[in-house]
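Okay, so chain A shows up in both of these, paired with chain B first and chain C after.
Then we have the complex of A and B:
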């Protein structure tokens, strides 16, 4: 059953994604921003609003991955069990990929909505900083030597603390708002199903990638430990 | 003989389908005649102006409709996003695969080292 988990998750994610594509392009209406008297206003994105279904879904699981990495790092620093370190490391790797998708799709959205690829608003800058912290984590793990796991754990906790700031900053500038009065809460009926199916499909994809990466990280660590033991016992040279 | 008849029919048919030449108009004379007619008959002038206005309005409406359709169906940024998403996913899967291959290589190396150590010990 364990061996089947990842392929099964991938298949379910693919089916969900295919269905969500059908809903996004065939069922969900184009987005129109209207003023109180029913006239179109400048916030209408029409077809380009469909970026939303991937951008926000990836942002959700980016935050999820950073949260998992942060909590696992705290657990690792308390217990010193390498399992927690493996989970944190795998989550950050996936978070780097999801973060890149969030930044690029967000940039395409900004170009469509405001005719700029990037501006240095607090939220965008914080998102970029979070992503750079995650990239820093990966580099620390690769190059920082024997204490890399503890330094990296500190960075993951630092990244996790940044997430609520980004979430609450959304809506303070030109970015659509989040939370109870935000875009997700006020989606129309045709858009809601497409959005939540997309979020669910990317959750399955996220879990499949994280499990695969955890298995790979665990194997790498066990192999490294075996080699070290072999060297210590004089079996290996 | 058959060939001659066929050739005759083809030549006759071609002549029958040939288009007569278009009559040539003197544009300046036609313009002058139209201007004179409009000056002498205000109702005719009004009709001509109304027709031209209507055509211009239709062109404006068509241009607006075209722009509207273009804006609504602007797919460029959606395509960018979709492509970026899959390129990153493919790169990540490739990264996982490469790590997996590296791991296999390390296991093979460890096995080789262990065999060598076992032989050395024996």
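Then we have the complex of A and C:
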């Protein structure tokens, strides 16, 4: 069962993804805007709106990963079990990749909708700031030597606590309306299925990647310990 | 001895070392003055541009001097391996943390006392319309920097690349603080000052400091183990 988990998750994610592609491009309607007198027109959203199915799904799990990393870092500091540390570090690694997707798709969206690649729109800014914290976390992990796990755990926890502050901070900004206000809540009936299926497929994908990452971290550690033991015993040079 | 008195003693120890050598304060003040000179070349020298750039100049100076001072202050403990002695001393770790943070905060403020007026004098920055609010926001900013900074500078004590890693960790975490600081300053020095906005951000900073103080008190003990 344990060995099957990752392939199973991957297959499910792939099926869900293929299905969601079908739903997004074949079934879900184009996003029409309304002009002042109630006639339909192709708004700035229109076909470009399709990127939301990816963008928002990745953003969900970016935030999810920050939360997972924060909570498991707390658990690590309390119990000092390396399992928790592995979970935190794996979910941050995957979240960096997911965050990159969020930023790239967000940027593509900004280009289509507002004709600029980047405009410090609140949600985009918030994703960028979170992503920077995560990248900092990865750098700490890589370069902080033996105490990397503690420093990184501290950073994950401080980052998680900082999220509401970042949220309030960008929310107060007086930037142009993003056009995505409450977009998930106001999805049309044809779009809702496609959207949630895509969110779910990416969740499975996220979990599969995280588990794989945890396993590889564990293998790395075992290999290192074996090597040290070999060196101690004089078997290895 | 109560916790606060123990913390005060740790802080006084740090400040006394600093008062004898005056290393951090003198070099940081000189560094801040150099920054202001660089600003004067970097920004166009007209009133509008200076007014717009003032908040940024002030908070960049605080961020830079803050991180350098933090790194140096904790290096002192490392050089003589006195951090271990400090942690072994019969006082709670909380007192060590509070004392360190308080000492750091006073160092940053000592630099700010010189740097902020320099900005006003050399660049003609319109900083002094609301001195009370300005002092308040700078003090809150220094408190925030020293709280989060002390936690991570202490954890990074034994790490080889700590000088590089400290800003890598601190700046993303402190972004809300810097944004709140610049927004407050911006609403204070604007042509039509907006006190309501300034107070909103001052309160935001206060809550930020309080939240991270509580978090640091809780986390310091488990992060700093020798």
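The rule is short, and it goes like this: the second predicted complex is superposed on the first by the 192 of 237 C-alpha atoms of A that agree within 3 Å, B and C clash if a C-alpha of one lies under 4 Å from a C-alpha of the other, contacts with A are read in each partner's own complex, and residues count from 1 in each chain.
Throughout what follows, a contact is a pair of C-beta atoms (placed from the backbone, for glycine too) under 8 Å apart; a residue touches a chain by one contact, two chains touch by 3 or more.
Nothing here was measured: the structure is a model prediction, and the numbers come from that model.
Colleague: For A:129, select first, second, both or neither according to whether it touches chain B, chain C, the two together, or no partner.
Modeller: second
Colleague: In the superposed arrangement, which partner chain does A:111 touch: chain B (first), chain C (second), both, or neither?
Modeller: It touches chain B, and chain C stays clear.
Colleague: Examine A:16 and indicate which partner it touches, taking first as chain B and second as chain C; both and neither are also allowed.
Modeller: In the superposition, A:16 contacts neither chain B nor chain C.
Colleague: Have a look at where A:54 lands relative to chain B and chain C in the superposition and call it first, second, both or neither.
Modeller: Touch status of A:54: first partner only.
Colleague: Could you look at A:70 and tell me whether it touches chain B, chain C, both or neither (first, second, both, neither)?
Modeller: A:70 contacts neither chain B nor chain C.
Colleague: Determine, under the contact definition given at the top, whether A:227 touches first (chain B), second (chain C), both, or neither.
Modeller: So A:227 only meets chain B here.
Colleague: Considering only touches as defined above, state whether A:236 meets chain B (first), chain C (second), both or neither.
Modeller: first
Colleague: For chain A, give the residues common to its interface with chain B and its interface with chain C.
Modeller: Chain A residues touching both partners: none found.
Colleague: Quick one: which bits of chain B touch chain A in the complex? Just the residue numbers, please.
Modeller: Against chain A, chain B makes touches at 71-78, 80-82, 84-85, 88-89, 91-92, 96, 99-100, 103, 106-107, 110, 113-114, 117.
Colleague: Can you name the residues of chain A that touch chain C in the complex?
Modeller: It comes out as residues 77-78, 129, 132-133, 136, 139-140, 143-148, 150-151, 153-155, 157-159, 161-162, 165-166, 168-169, 172.
Colleague: Which residues, counting only chain A, touch chain B once they are in their complex?
Modeller: 30, 46-48, 50-51, 54-55, 58, 93-94, 97, 100-101, 104-105, 108-109, 111-112, 205, 209, 212-213, 216, 219-220, 223, 226-227, 230, 235-237
Colleague: Over in the complex, which chain C residues touch chain A? Could you list them?
Modeller: Contacts found on chain C: 148, 151-152, 155-156, 158-161, 164-165, 168-169, 172-173, 175-176, 179-180, 200, 204, 207-208, 211-212, 215, 219, 222-223, 225.
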